[in-house]
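First up is the structure itself, then whatever we jot down about it.
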C-alpha cells in the first residue's frame, strides 16, 4: 500500500506555534513521525553575555509569554539562592498568587486549544471567555495582561491593596462557577471522550523513562509536582499533586482541568496569608557560583542552571523547559495513531515551542 | 557556591547512567557550560522523589562523547541541542539532526559557546561582531 | 441480404481467424482483422436497421448444422475432459464428465423436439448484443494488433503465437454473434460452450503457471455452468418438447409448470456472468493480456451470461426465482462494488466493478418487466463500451509505465494525457449523471420499486461505486506526478484509433441511453418515456454542454498562467514534488489512496459474499420447487 | 451533548462581546502603556538607556543639547526605565501606543542642565512623537 | 464603490504565523477571536491557509529558518494582501534583536503594512491594526477605481 | 414542460444560491450567539464570496477551474430539478456529481492536504448517499412517486408520522453536507482541522467563491428535501427547514469532531439500518 507523506506544519492551523512533523501515513495511520524544531529559536540563553543579570529578568520573562511570570520567578530564585538573599514573606505569597493566576490562565488557554484540536469550537470559546476574567486580574493588578513582570531579584515590585484582593476573590468565584459548569463536558461528553480516551497512551513506566514532565507525567500516574519543593509560598500552603492514571489524552486533559480548580484554591489561601511587610530585599554584589533551581510551570518542571562569575554578566543561563522534556514522549506516542488524532496528541502534551527552543 | 556533582569520565558515562536509570532515577536534563576557550562541562541532572543527583563530565569543545540516548531515549533532543551549541559529537545518537536541530548553520566552531557564525538575512555567512 | 449479414456476423470471423492461422504474416493478419472489424460493424448495423425480424438462413437452420451442434455438445466436453486429464484437474474432470454424460444421455433418451420455426429471431436484445460484439469487440481486436506485438516483444518469444491468438479471438466474436441471434436452444448451447472454450484458450494463452491456473479455474466453473445449462435445456425439452427459445420464453407456457429448468438456465447465465460466488474465474482472467480481459469483460463472455438471463427474464416476472435472482444480482452489485473499493490493482478494480455491474443487469433480468429489461439492455450496451474503454486505457497505460497498480498510475495525466483523460472520462461515465450507467441504475431502482431490499442494496452499491470511480479518476488526475524514469512508448495509430473510437462510443452510448431505453420498450411504454421521468434528460444534456463549454474556456485560461506552488505548511521545496522536512532531508511528497482495507479487504468479503451469494443461488434453484 | 445547557444559556443571554471601536473600556489605573518622557525634566543622565533590557533608548549630548531618542516599536513597556530615572521624567501612559504604518523613532531634544539641576517647576507636556521617516 | 470592492473591506480573512514569538502576542491574537473581542464582527475569520487569506498577521522575530517559511506563506497569498507585524518582536525584533539567531523584525523579509507596538500587543491594538490596514486597502482600491 | 415549470426552474436557479447564502449567514450569527459572541453581519457570506471573487491568485492546478465550474453547474442543476418538481433521486444524483467534481478538483491539486481531503470527501459521500437515498425511498413509497411534486402533495398527513426512523439519518446527512461537527471531516468551516481546509485547501480566489455558491445551492436542496417531512404547506416546510437548521447548529456546538473511521464504521451503518428499517416497515405495512 502506498504511503502518504504529510508535511505537518510549521504553519498549520491547529498548531498554535510552529513546529514541523514529517508524517508518513498509511490509510491515515501514522507510521513514521519526525519532528523539526527551530522555527522560534532565538538563542536567548546567549543574550546573557549582552544583558546584565538584572536585565536578564526581562529576557527570561519572554522565554515564553504564557508562563512568563514563572520563568522570572525561577530565575530570580536561582540568583537569590546564589547570592544568599532572603525574600520577604509578603513577596513570597504575592509570587504565589501571580504564579497560580498564570497557571490558571495557561490551563484555560490550553483546554481551549485542546478543544479546538478535536473541533469543539464552542468549548474553546467558552473557556477563553472565562479566561478573559483571569487576564483582567493580571492586567488590573500588574499593568500587563500577559507579561506581568512583577519579579525583581529579592522580591516583587508590585503590591496588592485590600480592594484588589477583594476583587480577585470575587472574580475567582465567577471563574470557578464557570469552570465547574464545563466539568461534565470535558470529563464525560460522549464525543469528547471518544476523541480523547485511549488516544496517545503513555504508560507510567514510559512516561518516567522518557523524562516526561508536568501534567504529561502526572496524567500517567506519577505524583510529582515541583511545588512540593516548597518554593515561594508553597511551604505554608498544603496541597496534593493532581494525578490521573489512564495515561491517555483524556487523563492529561483532566489533570489540567483539576489543577485549574486547585489553583483557584491556592490563590485564595495565599491571599489569606498575606501580611503587611517588605516587598523586596536589598540586593548587593554580583552573582557568583553555580545553582540548579526548579519550579513547576503549568506544563511541568522547569529547571534553570545558572552560573555566575562575579561579573554583572552571567556566565551561563541554561533553561530546560517542560515541553523540551515532553517532546521525546510525543515522538514515541505518534506512530500508530490515526492522522486525525495527531493534533489531539500533540496538543495533549501542551507544546510550548517558544520555550522549547528559546 | 556550586552544584554538587559526581565527576565522571566519558568511558564510564553510559554504565553510570544505566545504573542510575535502573535505580529509578529520572533524567531531568543535561546542562552544558563553557569553562574557558577550549573546555566545557556537561552536567547530567537526575531526579528521584524530588531529589537531584548530578554527574559532571569535562570535555574539550568539539570533542566526542558517547550518547546516552540509547539508554534513555529522552536524551536525544538534549544531545542534539548541545551538538548545535558546542559542536560536541555524540556517538550513537538515535535521531541525529547533524547539528541542525535549531538552525541550518553547521559552522559551529570548536571554540564557541554557541556558534558565532551566523547566517544573516540574504543567506550570506558573516562573522558576528562581538 | 439479412442472411448475408448473419452469415458474415457468425461465420466470417471464424474463417478470418483460420486465414490468420494459415497465412501467419503480420501484415495479412492486420489486414484480416481490420477487414473483419469493418465487415462486422457494417453487418451489425445492417441488421439493426431491420430489427425486429425473423430469418431462416440455411447455414443455421439446416439439418446438418443441427447435427454439428449436437456433435459439438459432445466434442467440447470431451476436449475439456482431455485437458483436465492432462492437467490432472479434478474439478474440470468431474464437470466435463457430467457434461458428457448429460449430452450422451440426452441423445439417447430425448425425442426429437418440434422443429424450430425461425432459426434466427432478432429483437432489441439480440441486436444490441450483436452490435456490442461487432463494434466493441472489433475495436478490441484492432487494439490487440499492436498490443500483442509489443507484448511478444516483451516476452521475447521465439515463435509468435499470434496467429493462434487471433484465430481464437476472432472466432470468439463469431460465436458470440451466433449466440445472440440463434433461436434454437441447441445451436445456442453449442455457441455458449464455444465461448467457454475460447475464453479458456485466451486466458491460458501466455502459458505461464498463473495463466494456466486461471484458465483451468475458468474452465471448471464454466463447465459447471455448462452442466446447468444443458440440464436446463434437457428439462425444457422433456417438459414441452420444444427448443425454440422464443417459444420457451413465453410466460403462458410456464403457468403451472415446474420452474426448475429456468432456474438452471439462469444459474448457468450467472456463472458465465461471473456472479458471486463464481466471480473468481473472471478475476483470474486478469492475468491474460489486456485485449483478452477487455474482451471478456466488456463485449463477450460475461455478456453471454447476462444475455441468457435477460432472454429468459419474461418468464421470471413475479416469480420466486425472479425475486431471488434480483436479490442475488443486487447483492453481487453491492459486494462487488465494496470489493472494488478496497483494491489498488487497477485491473482488479475493473474486474470487481464488472462483476458488480453485471449484477445490476441480472437484477433487471430478475425483475423481468419490460421497463426493467429495457434498463438491463441499456446497461449492457453502455457497460460494454465504457468498460472496454477503461480496459484499453489501463492496458495502454500499463504498457507505458509497466505497472497496473493504481498507485503507480497516479498523475498519469502528466505522462500520457490522452489515455489518462480518456480513462477519466470512462471512470466518471461509470457513475455520474447524465451518463448511461447512472441512468440505467436510476431506471433499475425505480423498476425495482416493489422490492425494498434490492433498492437498498443498489443504493449502497452505487455509493460505493461512485467513491471507487471518482477516486480512480482522481488518482489519474492527481497533481504533481513523481519524477519517474520515462520509458519510450510507441503508441501506434492502431492503439489510438480504437481508443478514441471507444471513447466516442462510451460517451455517445452514455448520452444516448434514454433513447436506447425508449427503443427497447414496448410501444405503449415508449411513448410515455420522455414525458415522465426521462423528460429531465434532454435539458440536462443542454446543461452539460454549457458546463462543458464553460469548463473548457476556464481550462484554457488557467493553462495559460503558471501554477501556484503547493501548500506544504509553508515549507520550501528544493525541487518539484518534494519538501525540505525533518532532519533537513528532502522528502518526496508521495501519496497513497485510502483503501480502508480493514473494512473493504478482499479476503473477508470474498468469504462473506461468496457464502451469501452461494446460499442465494441454492435458494433460487430450490425456489423452483415451490 | 453535555454542553447543551451552556450554549442555550448563551443564546438567551447577552453576548459578552465588547463592541470595541464603538465602546472603549477604560484602561486599568496601573496599566503599563506608552512611554513618555517629560523632556524638560530630563537631565540626560543616560540611566534609562543603560538599564533598558531592550536597549531601545539612546541618550546623546551634543553641543549643549541633549537628545533622548526611543526606538518606539522596540520598547517592551517593562517600565524599568521609569523605575530607574532619577528625576522621574519618564512615565507610562495608561493607554497603549497606537499602531502605525511605518517604523517610529521618538526623538526629543532638550537643554542640558547647566549645573546639577534642581528645577522643580512643572513644565508643559511632552512633545508629540515624531515619525522618523 | 462596487459590491466587490466593498466586500474586500468587509471580509478580511486572516492567516496567523508565529515567527519566533514568545507566545505572548500569539495568545493575544488568538484572544481576538474569542467572545470578548470577537473580531468575526468585522467579518474576520482565521483561515489557517495562505491561499485563502487576505491578511497575514505575523508575531515574533524572524530567524533564518522561519524567514523562508514566512516568505513562502506571503507568496502563496492572493493579492491584494496586507501584512500586520504584531508586537515589539514583529516590528523590530524587540528584546531579542541582539540574540544570536534573530534577524530582526518582519519587515526584513516581507513588506509590512501595519506595525502594532506593545509587548504583547493588546487585542484592541490588533483590532486597530486590522482596521488601519483595511483603511489603507480602501485607499488603494478607491485610487485604482 | 409547461411554462410554470420553466418559471419555477428559473426561480430555482436564482433563488437557491441567495437563500443558501442567507442560511449560511443565519448559521454564522446563531453560532456566534451560542458561543456568547456578537457574530458577523447577516450578509457576511455574500461579502466573503464577493471578496473571493475579486482576488488574484494562481491556480494550484490547471484543471481546478474546470471542475469548479462543473460542480457549480451540477449543484445549480440539482436545485433546478427540485424547484421544477422533478425526480428527487435524480436531483440527488446530480448533486453527487457536483461533490464528485469537487473531489476531482481537489485530487488534481498539489497539496497533500487537498488530496487527503478529497479521499475523506469521498468516504463522506459513501456514508451519506445511501442513507439519504433510502430516506427518499421512504418518502417516495409513502407518497407514491419519486417526483418532488408528488411527494409534496402527498396528502394531508405529514410524512413524518410514517417515517420517524429516518430522522437520525437525515440529521447525519445534514451534518455532513453542511460540514458541521461531529462530521466536518473533509473540511470544516474555519480552518482549525488536521487537514487545514481539507478538500478546499487548494481552491482559492474565484474558484473558491464559486464553490461556496455551489455549497449554498446544495444546502438548500438538502434542507428542502428534509422539509418534505412536513409538507402540509409552504409555511410548515419553511418551519421544518429552520428547525432542522437550528438543530444542526446546536449539534455542531455541543460536540467534538469524530473521525472518518468512526463515521464509516459506526455512525453511517447505524443510521442506515434505522432508515432501512423504516423503509421495510412501510413496505410491510
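By written order: A, B, C, D, E and F. Residues from 1 in each chain.
Here is the rule we go by: contacts are C-beta pairs under 8 Å (C-beta built on N, C-alpha and C of every residue); 3 or more make two chains touch, one makes a residue touch a chain.
Predicted model, so just to flag it, every value in this text is computed and none were measured.
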| item | value |
| --- | --- |
| Subunit D and subunit A - chains in contact with each | E, F |
| Two chains joined by the most C-beta pairs in contact, as defined above | C-F |
| Chain closest to the assembly centre - both centres taken as Cα means | F |
| Geometric centre distance via CA averages, subunit F-subunit A, whole Å | 43 |
| Separation of mean Cα positions, subunit E and subunit B [Å, integer] | 38 |
| Chain centre separation (subunit C, subunit D; CA means) in Å | 81 |
| Chain centre separation (subunit E, subunit F; CA means) in Å | 34 |
| Junction residues of subunit C - those touching two or more other chains | 564-565, 567-571, 583, 589, 591, 593-594, 596 |
| Two or more partner chains touched - positions in subunit D | 1-3, 7, 10, 15-17, 19, 53-54, 76-78 |
| Two or more partner chains touched - positions in subunit A | 4-5, 7-8, 10-14, 28, 34, 38, 41, 43, 46, 58-59, 62, 122-123, 125-126, 129, 132, 144, 147, 189-190, 357 |
| Complex contact set, residues of subunit A against subunit D | 51, 54-59, 62, 122-123, 126, 129, 132, 139-144, 147, 149, 157-158, 181-182, 184-185, 188-190 |
| Residue ranges of subunit D touching subunit F (in the complex, touch as defined) | 1-4, 7-8, 10-11, 13, 15-17, 19 |
| List of subunit F residues in touch with subunit A within their complex | 31, 34-37, 112-113, 115-116, 181-182, 184-185, 188, 190-194, 196, 252-262 |
| Subunit E-touching residues of subunit A, taken from the complex the two chains share | 10-14, 16-18, 38-44, 46-47, 50, 58-59, 62-66, 68, 109, 112, 124-125, 128-129, 131-132, 135, 144-147, 352, 354, 357 |
| Complex contacts: residues of subunit C adjacent to subunit E | 564-565, 567, 569-572 |
